[in-house]
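Handing you a structure now.
Which chain is which? They are A, B, C and D, in the order written, and residues in each are numbered from 1.
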Amino acid sequence: MSTLLSVRNLTMRFGGLTAIDDLSLEVPAGRITGIIGPNGAGKTTLFNCLTGFYKPTVGTLRLAHPQHGEMRLEKLPSHRVARDAQVVRTFQNIRLFPKMTVLENLIVAQHNVLQRASRFSIAGLFSLPGYRQAERAAVARAATWLERLQLTRFADHAAGDLPYGTQRRIEIARALCVDPVLLCLDEPAAGLNPRESAELNELLLYLCREQGVAILLIEHDMSVVMNVSDHICVINYGRKIAEGAPDAVKNDPHVIKAYLGEDEEEGVMEEYTEERAS
Amino acid sequence: MKKTLLATACLALGAYSQTSLADMSVAIAGPMTGQYASAGDQIRRGAEMAIADINARGGVLGEKLKLEVGDDACDPKQAVSVANTMVNRKIVFMHGHWCSSSTIPASEVYNESDIPMATVSTNPQVTERGLANIFRIMGRDDQQGMVAGEYIADKFKGKKVAVVDDKSAYGKGLADEIAKAMTAKGMKPALREAITAGEKDYSGLVTKLKQAGVEVMAYGGYHTEVALILRQAQQAGLQLTVMGGDTLTNSELVTAAGPAADNVMFTFSPDPRKNPEAAPVVEKFRAAKVEPEGYVLYAYAAMQLFEQAANSAKSVKYKDLEKALRGGSFKTVIGDLNFDAKGDQKAPGFVVYRWKGGQYDYAQ
Amino acid sequence: MAYALQQLINGLTLGAMYGLIAIGYTMVYGIIGMINFAHGDIFMVSAFIAITAFTLLAAADVTSIPLALTFVLIVAIFFTSAYGWAVERTAYRPLRGSTRLAPLISAIGMSIFLQNAVQLTQGARVKPIPPVIEGGVVLWDAPGFTVQIGWSQLLIIVTTVVLMIAFTWMITQTPFGRQQRACEQDRTMASLLGVNVDRTISFTFMLGAALAAVAGVMVTVYYGVVDFFIGFLAGIKAFTAAVLGGIGSLPGAMLGGLLIGLIEAFWAAYLWAEYKDVATFGILCLVLMLRPSGLLGRPEVEKV
Amino acid sequence: MSAVVFAHHGLTPAERLRDAGWIAFVALILGVPLIGLTTVDVGGRLAVDTRFGLLAMAVIAAFGGRLLMRWSLDHLGARKLARQRAATDSGAGRAQQVVNVLGWLALGASVALPLAFSDNRYVVDTATTVLIYVMLGWGLNVVVGLAGLLDLGYVAFYAVGAYSYALLSTQYGWGFWEALPVSGALAAAFGILLGYPILRLRGDYLAIVTLGFGEIIRVILVNWTEFSGGPNGISSIPRPSFFGLEFTRNAPEDGHSFASFFGLEFSAMHRLIFLYYLILVLALLTHVFVSRLRKLPVGRAWEALREDEIACKAMGMNTTNIKLSAFAIGAMLGGFAGVFFAARQGFISPESFTFSESAIILAIVVLGGMGSQMGVVLAATLLVLIPEFGRNFAEYRMLLFGMAMVLIMVWRPGGLLAHREPTLRLSADGKAAKGGA
């Protein structure tokens, strides 16, 4: 089991606030790694650092890319993290392209491949065979994922008009169309009903076991995290407080304390609600 | 819906533009809306009165005249559109446009459609392009600039003179000519400045003039800005004499500038109101509560010009009318008009005026 | 030196005027996040109201300047606020909740409408009144150049500063200010908490219009000449000022206004007057490149 | 809007009267300073004049108008509700079909127009103006409608196109067809020049900077007299020829003019009609170009950018390039329109490139329905024709124009044609389309 991503001494400060404090963490290839922690623990900030939206104050993020070798994620702008390093994320507050159809959302995710095939749009403008073929392939790929996530019947609907749970699935499907090496899911089960959660579990296991995609999962729904994760990392106040197999983490006294013992940090709570609202 | 819309639009446009007219149509065009609407207003009042008078005399060649009014808002694009409307309305004569930048593109349309025009636009380019249908009943910027520049060089010897313009085609052209004429007479402008028309605050310019010790400002532009500059100069304790062009005939200048307007001089054709032959018409305008200032009498004269040319040619066909206009001499309220080959007035004669107590009169 | 000082005074006066209009822009922007392109024309309407009021007073032989000013201000604020209210009610409220651009276009239409309505009802001619406040103080009698500040210039600068302080106080300290800020941040939440959002927005528009009215009266007093076209340039400049200072921030609007006034004055004084608008917009671009939210605007954190 | 209508559904007559009375009261307050009172110039001083009769009429008109409006809104509202109930979700697809059919009909009408009005200068010329605005609208649609970047200085690119053709042709004797691509490329370069420094800006900050850019270009054109002719502009710009045949009255000595070549009698209309077809062809090419681009990766990227910039980055898209390409393509199309404008007018000056021009073009895009190509056609037609029809109302025409802009926006906040057609459908590609729409 090789290490896909290794986070070393990651620190992220916003003015006086330290959101992530000297965090180190290994993400193995082809496995599901769960990240849990109380609200405002710095989980989403970790994702933002990983995917280039924030520049970490200190620390290194090394990705052992199967094709391109070692890449330093903290040095890449966000679009290159997705394009070159193939580290793709979803968002806690779903970010689809609401007026575009589901299919279009999935095609846009394959922008870089198609754009290359369209050769500065010229091949595309004249509908040259090379481009047509690339487009067909892109649609086929999208159709496959739609089928797998039971979204085919929504393909031509505007994404923004669909129910919440469906939108969550679309966002995952869209991320999959980027062909990720590492898929970072930010609370994919939030707002799902139990049946949908169960389906999600199944999907995550399929992606990991059958497709070999490594998954980094932020989740509050313990039925999801505990059931699918191979390895769980618990963070609080931006620090790692426990790590290990699901069962071990469940019984760790630090974790129990973090979840149950302290409820005086209202400031942190507030920050969280704000994040939700935006 | 779109098609019906388009179709009705076309039909309506077509129908509207092909209205058969029993009367003979003549037209005026100028800025009836927008920033310079007051000039357009003057033109309309003058032309309306003239048409009423001509029709009272029995019209032209036995037909009553009908006046078409076109609004170009001093926008070249709209000017072309107005010109096309007028062509469709089968006008036989056009007085306009007012802004040189509207007259130039619109005149090409009239030229192609064989419509003679009389304009008050002063930019030399208006007649320099060799179009046969243009007749200018006003002097040119270069002529009036020369008169103003020489006057300044003669009368204000030893004083510091600034030349300022408002960056409009008219204003800049005029100011350049004034500066040229002054320099030719051996007087270099102490300052050459430009302002943005439409602003309200010219205290920066005034301070600059004060610093440079300027006493006389030669100005190319419109009256609104002159009034503001004068007011602000007075507030800053600067005694300023202004010399400008024909646009300063507007009595708004006096209302706006207050007593300081007495320091304003400008060049203009000999005052048509002083023309004894114009006296009855002037009286008539005053009776109708219209002060025949600025372009009012010019519009009146343009219509007289058409009346006389048509009567002498006994036709309103372009060829005949054009020949009559070029060859003839016409007695109008602005004096005798006759044109050279380019269509400029043969003897435009500019005179320097000075505002005094709300009236303008020849300057000493 | 004396010259520079005089230009400084000119720039400050002009800047204060821009700032006054910009505060109205910024308040409206703050609450509904739209560029109210008709704001400049509201200002123009108020200048016309002021002209009529001053003329009426002159006809009634009122000579006391403070009395006249107070009367004109009250009249102008009353009627102009009514215009502000009506504009919001007819052109913007029906568009609440639609795309960001719909109210913008509606505002541009409103601006064209107001301009032409005034031209039609009041005429295209410029409207002048005799100087209301004359004279000033000589600050420095340098050789060859006397620096002076007119009473009306002083009046403008003082009024603007006082109003900015008053409005900042109102927004930060009063219940209305709290409601206003609540609407600004989350309209749905505010209405759930019992804030009457419609009324708050209407009131904000009326306040913005009242500020424009004060600016309109000041313009009439200072320049003495008004026409139906003055709203356009003033509106654009004030908008620029509001953005430069950081749109949504009242002190920012003031600062932006003053900066633009000073840039214009000094650029025209020492460099090429004809390129002063290029300078203004150039500096705006530079500032925004370095600080994308303006000088005093809260930096927008990219929420992911 | 509709909610307001329904909420007032059951108004009693007394309530209606009270409502109309309230409106009349507002009209009275608004009317007093502008209608009721006015200042007139009496011998160099202002005096106040009253027009209370007119004011009373305005107030009565407001009262009556409100009653009438409420009454008709109630009726229309009821009918609208019925129609909404009747309409099913198949409506969207049908709407698109209708738009398509109408599009073809409009095309047919525009091809036939000069034939039907071959001696009517005004109609052909106005139609040409409509097409110029259609083209500008399509260009700006790329930037605003598709990519969602608010551009208030679009007229700058129009000016760059117009001036580059004017200068290339008058100074260096270039022909229309040689100058067209060069001017377009130049405008595109300006688009990138503008786009680059302001990539980080969003929303309204972007708006003011683009507005400033438009003003900067205009101020430079006004002041740099040696280069641009300053306020005098550039006149005598050569008109495009018909494959080398000029539209002149007299044939040149060593060849033919258009009229003499075809053995026609000279008519100024020939050139007008030729110009009309020229802009029609340019506009159609633009349409095909933009519609194709929209279905290409770059077009979908523009729309995605409009929808969510952050999600775009997360999908690995280089938003910098996407924004710049939108600016460049939009600017290029504006430049083409400018070249044609200069060639048609024969005279250009900075007055044609003011902020109000940008505002009108933006209004066309928004009124049409952001991103909708046919919407632009409809809005451009309306916005050009309203003031033209208004010529009959002389000084009221711009008033009506402003009012129309507000009313259309309030009536249809999403634009006249707000429907968005997907760039591709699953079923269309021969894939299994289970369920479908």
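As a working rule, contacts are C-beta pairs under 8 Å (C-beta built on N, C-alpha and C of every residue); 3 or more make two chains touch, one makes a residue touch a chain.
A quick note: this is a predicted structure, and the numbers were derived from the prediction, not measured.
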Per Cα centroids, the chain farthest from chain C: A
Among all chain pairs, the one with the most C-beta contacts: C-D
Chain ID, smallest distance between chain and overall C-alpha centroids: D
Centre-to-centre distance between chain C and chain B (centres being mean Cα positions), rounded to whole Å: 35
Rounded Å distance, chain B centre to chain D centre (Cα mean): 33
Inter-chain centre distance, chain A versus chain D - centres from mean C-alpha coordinates, in Å: 42
Centre distance in Å when chain A and chain B are each reduced to the mean of their C-alpha atoms: 71
Where chain D touches two or more other chains, by residue: 41, 45-46, 222-223, 310, 395, 398
Junction residues of chain B - those touching two or more other chains: 33, 37, 167, 194, 252, 255
Multi-chain contact residues (two or more partners), chain C: 116, 119, 125, 128, 130, 274, 277, 302, 304
Residue numbers on chain D that touch chain A, as the complex places them: 289, 292-293, 296-298, 300-301, 303-304, 307-308, 310-319, 420, 422-427, 429, 431-437
Complex contact set, residues of chain B against chain D: 1-3, 5-7, 9-10, 12-14, 16-18, 32-33, 37, 69-71, 73-77, 80-82, 84-85, 87-88, 101, 104-105, 108-109, 112-113, 123, 125, 129, 167-173, 194, 251-252, 254-255, 358
Chain D-facing residues of chain C, complex: 29, 33, 35, 45, 48-49, 51-52, 55-56, 59, 79, 82-83, 86, 90-91, 94-95, 98-106, 108-123, 125, 127-130, 236, 239-240, 243, 247, 272, 274-275, 277-278, 280-282, 284-285, 288-289, 292-294, 300, 302, 304
Residues of chain D touching chain B in the complex: 41, 43-46, 102, 105-106, 109-110, 113, 116-117, 120-123, 125-127, 129, 222-223, 225, 230-233, 235-236, 268, 345-349, 351-352, 374, 377-378, 381, 385, 388-389, 391-392, 394-395, 397-398
For the chain B and chain C complex, residues of the former touching the latter: 33-35, 37-38, 40-41, 167, 193-196, 198-201, 203-205, 207-208, 210-211, 213, 224, 227-228, 231-232, 235-237, 252, 255-258
